[in-house]
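Heads up, the next two complexes both have chain A, just with different partners, chain B and then chain C.
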Partner chain A sequence: MSTDEVQRVGEVVEASTTDFVAQCYELYQTPPLGSLVKTMDLTVELYGIVYNATTTSIEPGRRPIARGRDEASDDEIYRSNPQLLKLLRSEFSALVVGHRQGDILYRYLPPKPARIHSFVYLCSTEEVKEFSQSFDFLNMLINTHLPVSTDELVAACLRQMSQAYEDRHAFLVAAGKELAILLGGEFNQLKSILGRIRQ
Partner chain B sequence: MSLDLTKVAAQVGGMVARLKAGGAERQNRLNHALDVLHNWSADLELLRAKIASSKTTWLVAGLVNGLDRCHKAPPTPAEFTVIATDGSHIDVDRHKSTRCNLINIGSVILHYGVSPSATLDSFPCLYFGDEELVIMPAGVRGREQPIEGVLLGIKRSVDECRQLANLAAELPPGSSILALLDGSLILWGLAGQAYPEFVTEALLEQGFLTYLDEIRKLNRDKRIALASYISFPRSTDVVNALRVALCPHEVADCDRYCASSEKRDCDMVAGVQDRELFSAILEQGERSALFISQSSIVQKHYGVHQVYFFYLRVDDEIARVEIPRWVATDENLLNLVHNLVLDQCQRGQGYPVALSEAHEKAVVTGADRENFWQLVELSLVDEHLPTLSSAKSRSKRTRWV
Partner chain C sequence: MNQENIQRLGIVVSGSLNKGVEVRLDSSASVEDMVVGRYVTIEGQKRRFFGMITDVSLGVIDQKLTLTPPDVSNPFIAEVIAGTATYGTLHILPMLTISGDVASLIEGPQPVKTVPSHFSTVNLASDRDIELVFGKEDKERFWIGNPLDMETKLCLSMEKLVERSSGVFGKSGTGKTFFTRQLLIGTLQKGKAANLIFDMNSEYGWESTSEQGRNVKALKQLFPSRVAVFTLDEESSRRRRVSTDFVVRIGYDEIEPEDMVLLRQTLNLTEPAVEAVYQIYRRFGRNWLQEASELKDPDQIKELLKELGIHESTYQNLQRGLATIRRLPFLLPHSPDNAVSCVLDYLDRGINVVLEFGRYKDVASYVLVANLLTRRIYAQYQKRTEKAMAEDTVKPQPLVITIEEAHKFLNPEVASQTIFGTIAREMRKYNVTLLVIDQRPSGIDEEVMSQIGTKIAFLLDNERDIDSVLAGVSGKGELKSVLAKLASKQQALIFGHAVPMPVAFQPREYGSAESYKHFIPSAETEIEKQAEKDIEELWG
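Entry: the complex of A and B
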């Protein structure tokens, strides 16, 4: 599928003001770490950055067991046990970093969280370009406590967004300058992020 | 603490000591049973005739084509489908204001081969109103039988079979299918004089057997074998056949010869179970010879679905697999049952994976039960209907000191 087509990647199963969790329709089809996704709350479009993904048993009490002792490949395990695809689920979490109301795009939290069962889409190249016209959202990423380290997330997000631009380098340089301002007193963190986005 | 385990511990110790002391005796009986099994294998016709003429107080397996024969598993087909159903229920609660019950049927379709796939689903069904909660004989009022307790369990078996027939009917022509049920094909709850004939008529003749028949008729355009799987069986049908073999009387007649005698020759194999017997002779994946259940309910009602069974070794376990006559007498279907049940057990860590998943879809937990009654009560409140429950039920929910 071309990146310009809107791709539905899941459905919201948990939502709060600051983030939402979506379940994928297909096992393992989680969007990449740091990618920009969007969902709806009636008339408001919510934008989120994917910060975590998991694949687990659908029932907490049923832990997967090792099955491949006699199989030639891990694909064979799924072929021999077709029920596995129905007993596991892949989910991803996204940090809400902005919203669109009417024609206006805001790079801060929306008034209400996403609705459960709202579809989640991977943003198109055009939407990524539009969203990343301003780096205001970086402040939210840096100041949030998440299971994934901030450095990894910020770097992954910028790498993902840079793919929307023909001149990726120019985009990353601009982002680096913004980070230098935001992380003025945090030289080590700045160095760590820049090291992760260097081409 | 409601159960004082320290008080139980001493009693458990006594029980274990008794088991330990009887170990050698049990082994002797098992060895003796094995000797009898092997010795009579050559005189099958004689034993068959003796069983036919015997009048015993216990259930004796009918013989088909052997006693101690072992059959290796035939090769598994490249493409096949396994379907299975299992059920769970919430019984009528006499402490609640609303009289209703719920049966939840879990169903599984697993397709193996070039394009493997799985469909796991559940079908909850709420029963309410007299027409659904009681069985009445046609045209006679006042002799109604409430579908509760054991009878609800039987109704559940009927629903499991109906769902299995529905699944089977939807599968494409030309498929090789194993249709699996959990437990016995024999509705034991209806055996004996437990319920009036109209109950057996409604649940067995017009229910369970009708659906078995639907599955049988599907064999016109697909290959479908039906079987039920009993894990860790406690049956003694085959050992009881050995008891007949051991009987010194020409015609075994328990009431006539042994009504008052203290020690009987056949007691030499008493306490041995079929699974112990076959555990000693079957190798991994092998099945035993076929046997026929002689239970009166089967003889009287089952007809073409007369229940045959064999034992199957899966790792350390001996399972009992029951099949209707139309499967037992068709070598292709019998082989299909043998290799696909074994294959399912191997994929499912010793227990058929389709049954295990059907159970997972069907199971109604304690929390589900609570939520169900809460839903019923909330719906009643919404409609301003009374939600009275018994004082006993309230006292159990609100505990105090």
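Entry: the complex of A and C
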């Protein structure tokens, strides 16, 4: 598959069976919360949903110090301290929600985690559409314990995906129905998610 | 099969053969479109089931929803929760299997003996399904109306209908008479039986007025060459410009004690008075009424009473009753002609007979005449059938006798003693069946009701009437709810012998110039021309 039109957003720096962390090449250039990303090794393409992003100091334990007292704007800080861009890094974490082997798309975990230094790409509209043909991934999002609130993540993810569709409303209604079934008795949670995706 | 026409409703989620199955509605199907009485097909794994919606209900996944209802004013939320967190369920009574197994391929729809498996798809029945179950309009089947909320023609096999007695029940003004007229036209059209109609209110032979005040034609006007109108009241018929074929008069000697049993209540007779009739009859034979009327001499009377052991007060009671009868204008000591043989003569020629009562529609006249004629006509049929069986020749053509106010003949008190009770119970042994029409079916003897093969029930609002109509029917509870929801006019439920399963339907429109055309088969062009002429005359 050609990767020319898809946008490269980072490189895997930490990986486990259920998720991977990628570092961005440019500071602050993390993909939006809830977007669908992919990474590949020789035979398998892994799909993940971005659930968290951080920007921290490169050296663990060394926290940046405030530098703007004499500057007119915060942009000025970066201009007068060009080394800062080298001392900080932006990273994002993605939950693995499926993989592709050969031509077949599986919406469950791959046999092996991602390889370190594999490139990570933002999925194209076509890929998002293909992946969201089934809402199986919603179950994984709901049932994994993550540092961000599930409601926020699910809502963000559906908002992102809906942009791939001409009829966003129909897509969101279908997803909402799937959620209503998945959440069964937890009507309050359903209400909270629906409140975050309605237009 | 035409895929576009299939409208999916949902899937089977639970159920039992006795109680029917629960179907969870798809979110795309609105509960508000589901009406009790509609037909559905269920695609089981091995066979297709045909059933009827008998209840519709609402469910929620989480009871909390009913306490803090979601904001359905937001269309998005409303759309999402419809069919998921909140859903509709249908209660469906499977009634037939319509394909799949060998038996139903060869013999048509079969009664259900099992339920469809879990999660079988449920669709709204298509026109074709209905046709598969009830049959198409053809040589034998007559189009009687359309199933509620469907455009399909509902057809009824006239041959099956006349095989057993049938009944049309419903409150006043629901359309019994209008529908019965159509049924009679059906038997005429399909030529499956000869009809004898006791037309209490003079509505079947010739024109009468509908509730909307419009003139409605009847049998003789549509089928002039195949219907004869007999009348008890020549004057009334003449006034209404009915072309009558025969004026019925009854001789005293034609009245038998059995007739008096039927009239006991109407004439206010005591039990002993009826008993006395039998005694007088034994003494004088056929001329009993004449003889009893001529008794004037007190000594003679005393002697007779003593001889027969009849009490004086009983005799007084009886005489008062007999005086009422003698006052009936169509009763003569000796009738110049024989009404029974005349009726038989017409019936034998394949001509249907309508007997109008004109002004004499009091209970006494109606009961007396209908019972008396029927008894003797039936005796003839009995003789002929027995003869045909002995000689192995053709039995007489089936005869259908139509009576309004059937409970007068068939109430528990008299049913065992009257000819109508006998006909109902003997079923079609002698090729004679009844078509009974009644507003109060609970007034009819239970055993007789159970022998009525095909029942057509219009709206009934008395619990006892509903129970008596549905007694012994499987799925009674469900049918009850269908029956209770019928409109107050021109909607009915038909079930029993002549239909493979119960069906709620709307009878065909009857009474407009256009409607008559459809009731006359095109083969009978001559009659059609006549009817067209009539129509033109009537409507200009």
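Quick note on the criterion: the second predicted complex is superposed on the first by the 195 of 199 C-alpha atoms of A that agree within 3 Å, B and C clash if a C-alpha of one lies under 4 Å from a C-alpha of the other, contacts with A are read in each partner's own complex, and residues count from 1 in each chain.
The rule we apply is simple: a residue touches a chain if its C-beta (ideal position, glycine included) is under 8 Å from a C-beta of that chain, and two chains touch if they have at least 3 such contacts.
If you're wondering where the values come from, they're calculated on a predicted model, not measured in any experiment.
> Could you classify chain B and chain C on chain A, in the superposed arrangement, as clash or fit?
fit
> After lining up the shared chain so the two structures overlap, which partner does A:K86 touch, if you call chain B first and chain C second: first, second, both or neither?
Touch partner of A:K86: chain B, not chain C.
> Identify the partner contact of A:H145: answer first if only chain B is touched, second if only chain C is, both if each is, neither if none is.
neither
> For A:H169, decide between first (touching chain B), second (touching chain C), both and neither.
So A:H169 only meets chain C here.
> To the nearest 10 degrees, give me the chain B-chain A-chain C angle using C-alpha centres.
170
> For A:I181, using the defined touch cut-off, is the partner it touches chain B, chain C, both, or neither? Pick first, second, both or neither.
Touch partner of A:I181: chain C, not chain B.
> Would you sort A:R63 into first (chain B), second (chain C), both or neither based on which partner it touches?
Touch status of A:R63: no partner.
> In the superposed model, which partner reaches more residues of chain A, chain B or chain C?
C
> With the two structures placed on a shared chain A, what shortest C-alpha distance in Å links chain B and chain C?
Least C-alpha distance: 50 Å.
> If I apply the document's touch criterion, which positions on chain A are contacted by chain B in one structure and by chain C in the other?
In chain A, no position sits in both the chain B and chain C interfaces.
> Contact residues on chain C for chain A in the complex?
Touching chain A from chain C are residues 27, 61-62, 64-65, 70, 74, 76-77, 79-81, 83-85.
> Chain C touches which residues of chain A in the complex?
Interface residues on the chain A side: 169, 172-173, 176-177, 179-181, 184-188, 190-191, 194, 198-199.
> Enumerate the contact residues on chain A facing chain B in the complex.
It is residues 59, 62, 65, 78-87 of chain A that touch chain B.
> Using the touch definition from the top, list the residues of chain B that touch chain A in their complex.
108, 110-112, 116-120, 347, 349, 353, 357, 360
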